[in-house]
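These notes are about the structure you will find just below.
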Amino acid sequence: MPPLVTPLRERDRLDVAGLEHLIEHVLAGGVAGLFVLGTTGEAASLGYRLRYELVERVCKQVAGRAPVLVGITDTAFVESVRLAHHAAGAGAQAVVLSSPYYHTVAQPELWEYLRHIVPELGLPVFLYNMPSLTKVPFALDTLRRALDLPEVVGIKDSSGDMGYLHQVGRLLRERPGWALLVGPEELLADAVLLAGAHGGVNGGANLAPRLYVELYEAAVRRDLARVAELHARVVRLVGTLYAVGQHGSAVIKGIKCALSIRGICDDFMAEPFHRFREPEREQVRRHLADLGLLDAR
Amino acid sequence: MPPLVTPLRERDRLDVAGLEHLIEHVLAGGVAGLFVLGTTGEAASLGYRLRYELVERVCKQVAGRAPVLVGITDTAFVESVRLAHHAAGAGAQAVVLSSPYYHTVAQPELWEYLRHIVPELGLPVFLYNMPSLTKVPFALDTLRRALDLPEVVGIKDSSGDMGYLHQVGRLLRERPGWALLVGPEELLADAVLLAGAHGGVNGGANLAPRLYVELYEAAVRRDLARVAELHARVVRLVGTLYAVGQHGSAVIKGIKCALSIRGICDDFMAEPFHRFREPEREQVRRHLADLGLLDAR
Amino acid sequence: MPPLVTPLRERDRLDVAGLEHLIEHVLAGGVAGLFVLGTTGEAASLGYRLRYELVERVCKQVAGRAPVLVGITDTAFVESVRLAHHAAGAGAQAVVLSSPYYHTVAQPELWEYLRHIVPELGLPVFLYNMPSLTKVPFALDTLRRALDLPEVVGIKDSSGDMGYLHQVGRLLRERPGWALLVGPEELLADAVLLAGAHGGVNGGANLAPRLYVELYEAAVRRDLARVAELHARVVRLVGTLYAVGQHGSAVIKGIKCALSIRGICDDFMAEPFHRFREPEREQVRRHLADLGLLDAR
Amino acid sequence: MPPLVTPLRERDRLDVAGLEHLIEHVLAGGVAGLFVLGTTGEAASLGYRLRYELVERVCKQVAGRAPVLVGITDTAFVESVRLAHHAAGAGAQAVVLSSPYYHTVAQPELWEYLRHIVPELGLPVFLYNMPSLTKVPFALDTLRRALDLPEVVGIKDSSGDMGYLHQVGRLLRERPGWALLVGPEELLADAVLLAGAHGGVNGGANLAPRLYVELYEAAVRRDLARVAELHARVVRLVGTLYAVGQHGSAVIKGIKCALSIRGICDDFMAEPFHRFREPEREQVRRHLADLGLLDAR
């Protein structure tokens, strides 16, 4: 499942054609769903009007061909709820919620927050563990308590902490029904093979959806030789394409730049980021060629 | 200048009477201005509708008796601009802007962000250095470049890093006209005496505005004996009142609780925080009594 | 390979009988080598005299039945070199070196440090990536440069960062001959199956060497069913035995306590740590029973 | 009081003449004592033999003209004790002890460590708060407990956290007899004027001892005009001389380089650091000239 990038023409204007193109591209690649308004989707950088428009357009375009998950993480409780209701009205299947990320919350505060907000959202909820950006993880004890909230249906872990992921996997084995999704794409194979994960929400699936779908499927059928081959391609993609820029923004910039090179959508980025300039773009082009992704699905 | 707490009845409803009461309380204490929608004001936890309403009510109530500064920090460029325009329309005198705080921006990105957003805000701008929550400081080099933006009129430093503050003070001595305000109230005396600061934006000034005003004035007139006496009271307040709770939220909880005990406004807090329960409230009451603040201005 | 705990009677006195017992225990479990004076071995907490004595005793007792690797990480260049020479004289096969850990070194400084120290050590060198304690990782670029140092034969990665581990694996595939060992035991299976790792240096192998050896062997022969079974036991061990104490010292305390319960060696710990008291010891005992490890090899 | 740099010819050989020269230089500047083997003294980077030799030489050269404090911070309890005894034998007046810094200790563990080690040291003890390098601060509660250890006579705070320093000042006012020394030199004036500090341990006092002594004395006699003038020079020194290099090592490199330029001692540095090359040396020379320190005391 790709955490869909948000194609933009300007900071407050969608690249509508690019969005449609991108959606068709990933659906054609066989993805199991779309997660919009995540970190890769630059959600936090987008105004609310545009977020609402995006949700509507994506749901309309997807038209039931795959579930749409909507990121509603916000520092303000009421804005998260409002966006969740909008997503429900637009036909989304679930929402994705991280910890509020300006103030540093303690775990008991995070648990109380979950208890208050989850029942108000009106859609099934995935928790989203992203401590490098939110400053606050979902500690295992908090997760254990959250298992009792009937509206919560799974967790997306983007911590990159494989030890944590394995403990979450152990926790979930005791409470079947929750889905475990993994964020960093280099961990997809590990997570499915060994942590009981049910899938990945991987940025690269914007660009090469088929690669990630095939890797997932190979892992599910325990085809180790195929897993090793596809996993090596993913590791190479991460080690090259996402290493072009020098800042934390390099991953999203790399993906958007690659999508633009392949003609799928615009690479404009909302502040505080900006698209790659020509020298970096040339590097991305070269990496894409090396990876055989200049015109792959 | 107090970073005004936001009196609430519920998570999306202002305590209107409490807000009026609080404004009159701090104005009577002689404060030089009001900073609304800062960290202490729980800005990030409030929905936009309520933020807008708050700005309007504060500007109307203050009615020109003191400048009103409005925090517009946001992860989304367009929401910051929208709030700034609203503040200008409501009669605010300036806006206060930190770095966007979900994505981790690098300094060149932060500088580009400033260059883009500052000219669009329509009001004088204070920068707000708050790296413990935004993850990103205004590095001295970035500040130096920002000195050339005519709309920027000062900086509020809440880093608590006195070495940094002294370097900022040195920088500003070379470029007169900028204001340097200090966040942590234990640093107000140091900052005015030795770093060339022009004032403080101190949470405790919600509760005891006169104390902070007198400390500032004593520092300005170099009355060291009086500074020492008042500074010791501030340090004691910080070491007791703000040390009641065990989480990062203790400061705001302590201030709101103390205001509630003194009958000034409600202590309801927006998620992810919640007001103190009775045992903590009892401790706050005892500290207030010890500090002679049960009914002070 | 176990990072051998250091059995102690007092802070400066070895539990000699316990040490011999422990060595025979892990050798009987089939381990591929012994790593002494690592983090789990409390190396940093031990005086130099005792470190030297330990190296001698271990080499003598092992007597060539398995390679002995000696941790020589130190803040002082000359102490690392001295210990390395002592290890060579005692018959050790290799040394293990992290970044110097008091001062915070930058990557160019770390690379220069490596260039200076590695040729002086007189034994093959494993690099040891342990940023949570040393504050400084071996960045991929530094590793790439270190591949050209002929004395360096491998890396032990204890970062727990699986994305990093996969990139290291990719790097090493291009330069065969280096060994990649993984520290966190929950990552052993992942690392061998998917990152091209050649083994693990896992604390739990002090206690249950056979379990880790079998897991490694199952991973090497791609027996996924057996891997899943053994990996689940390791994850459970980590999630229970290492979660008894509340501080960062819980892992070492848990292992030493379990070894003491099983009668293998003393659980005395050098300051700044101390052994578990009776309530924690009782919990460890219960977890050991649940794990079937009360008298396992 | 300067945290004395350690003049070296090579990584394991003192610059004996430089050391003598440096000691006479700072004594002539009127310093109240010498602190050897601190962070600025590169203690952690020096072998034990050299540390012992240094203590002996300094005590002999100082010959009672000022107290000598010896840093004994170590990861190993027994090495700290051994060095303390050596210092006592050589005639030092006190030892300086931070938290053990490889393992991450929790506060209860740190308190227990203090309770065990302090009575064994045989000299009065200063605690040394340096969390940026040791990873662990002395929390206020731990300090409060340590006030009851009769051998502890003071604390050197190098956290740079002025809020913490003020709280320590408040704590000590209740228990007279403890000395409070401040590390960062930009905080010396603040600390003496407002936090009740009794002095500073400031790196720049290696280079310009008179400047720091005069600043301290002006602060003690509440001569604000003179304080402001001297403080501004210190802030300028920090903002220029210590900003030449780009890594965390810039401060020590800058001081050693400046001492070398002024002909006081060698600027060789023990690994993992190395002296400035010519371009940086030229910048240091220029800053020294601007600061009027090319041949000042």
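Observations, loosely collected:
Each chain gets a letter, A, B, C and D, in the order it is written, and its residues are counted from 1.
Just so we're on the same page, contacts are C-beta pairs under 8 Å (C-beta built on N, C-alpha and C of every residue); 3 or more make two chains touch, one makes a residue touch a chain.
What you are looking at is a predicted structure, and each value in this text was computed from that prediction instead of being measured.
Think of each touching pair as a link: the shortest run of links from subunit B to subunit C has 2 of them.
Across the two candidate interfaces, A-C and C-D, the one carrying more C-beta contacts is C-D. Counting the residue numbers used at the interface between subunit A and subunit B, over half appear in both copies, so the two copies meet with largely the same residues. Chain centre most remote from that of subunit D: A (centre = mean of CA atoms). One finds 49 Å separating the Cα centroids of subunit A and subunit D. Inter-chain centre distance (subunit C to subunit D, centres taken as mean C-alpha positions): 35 Å. In subunit D, there is no position where the chain touches two or more neighbouring chains simultaneously.
Across the assembly, chains come into contact as A-B, A-C, B-D, C-D. Note for the complex: subunit D touches subunit C at residues 11-12, 39, 42, 44-48, 50, 75-79, 82, 99-106, 108-110, 112-113, 116-117, 132-135, 246-249, 270-274.
Residues of subunit B touching subunit D in their complex: 160-163, 166-167, 169-170, 184, 186-187, 189-190, 193-194, 222, 224, 227-228, 231-232, 235-236, 238-239.
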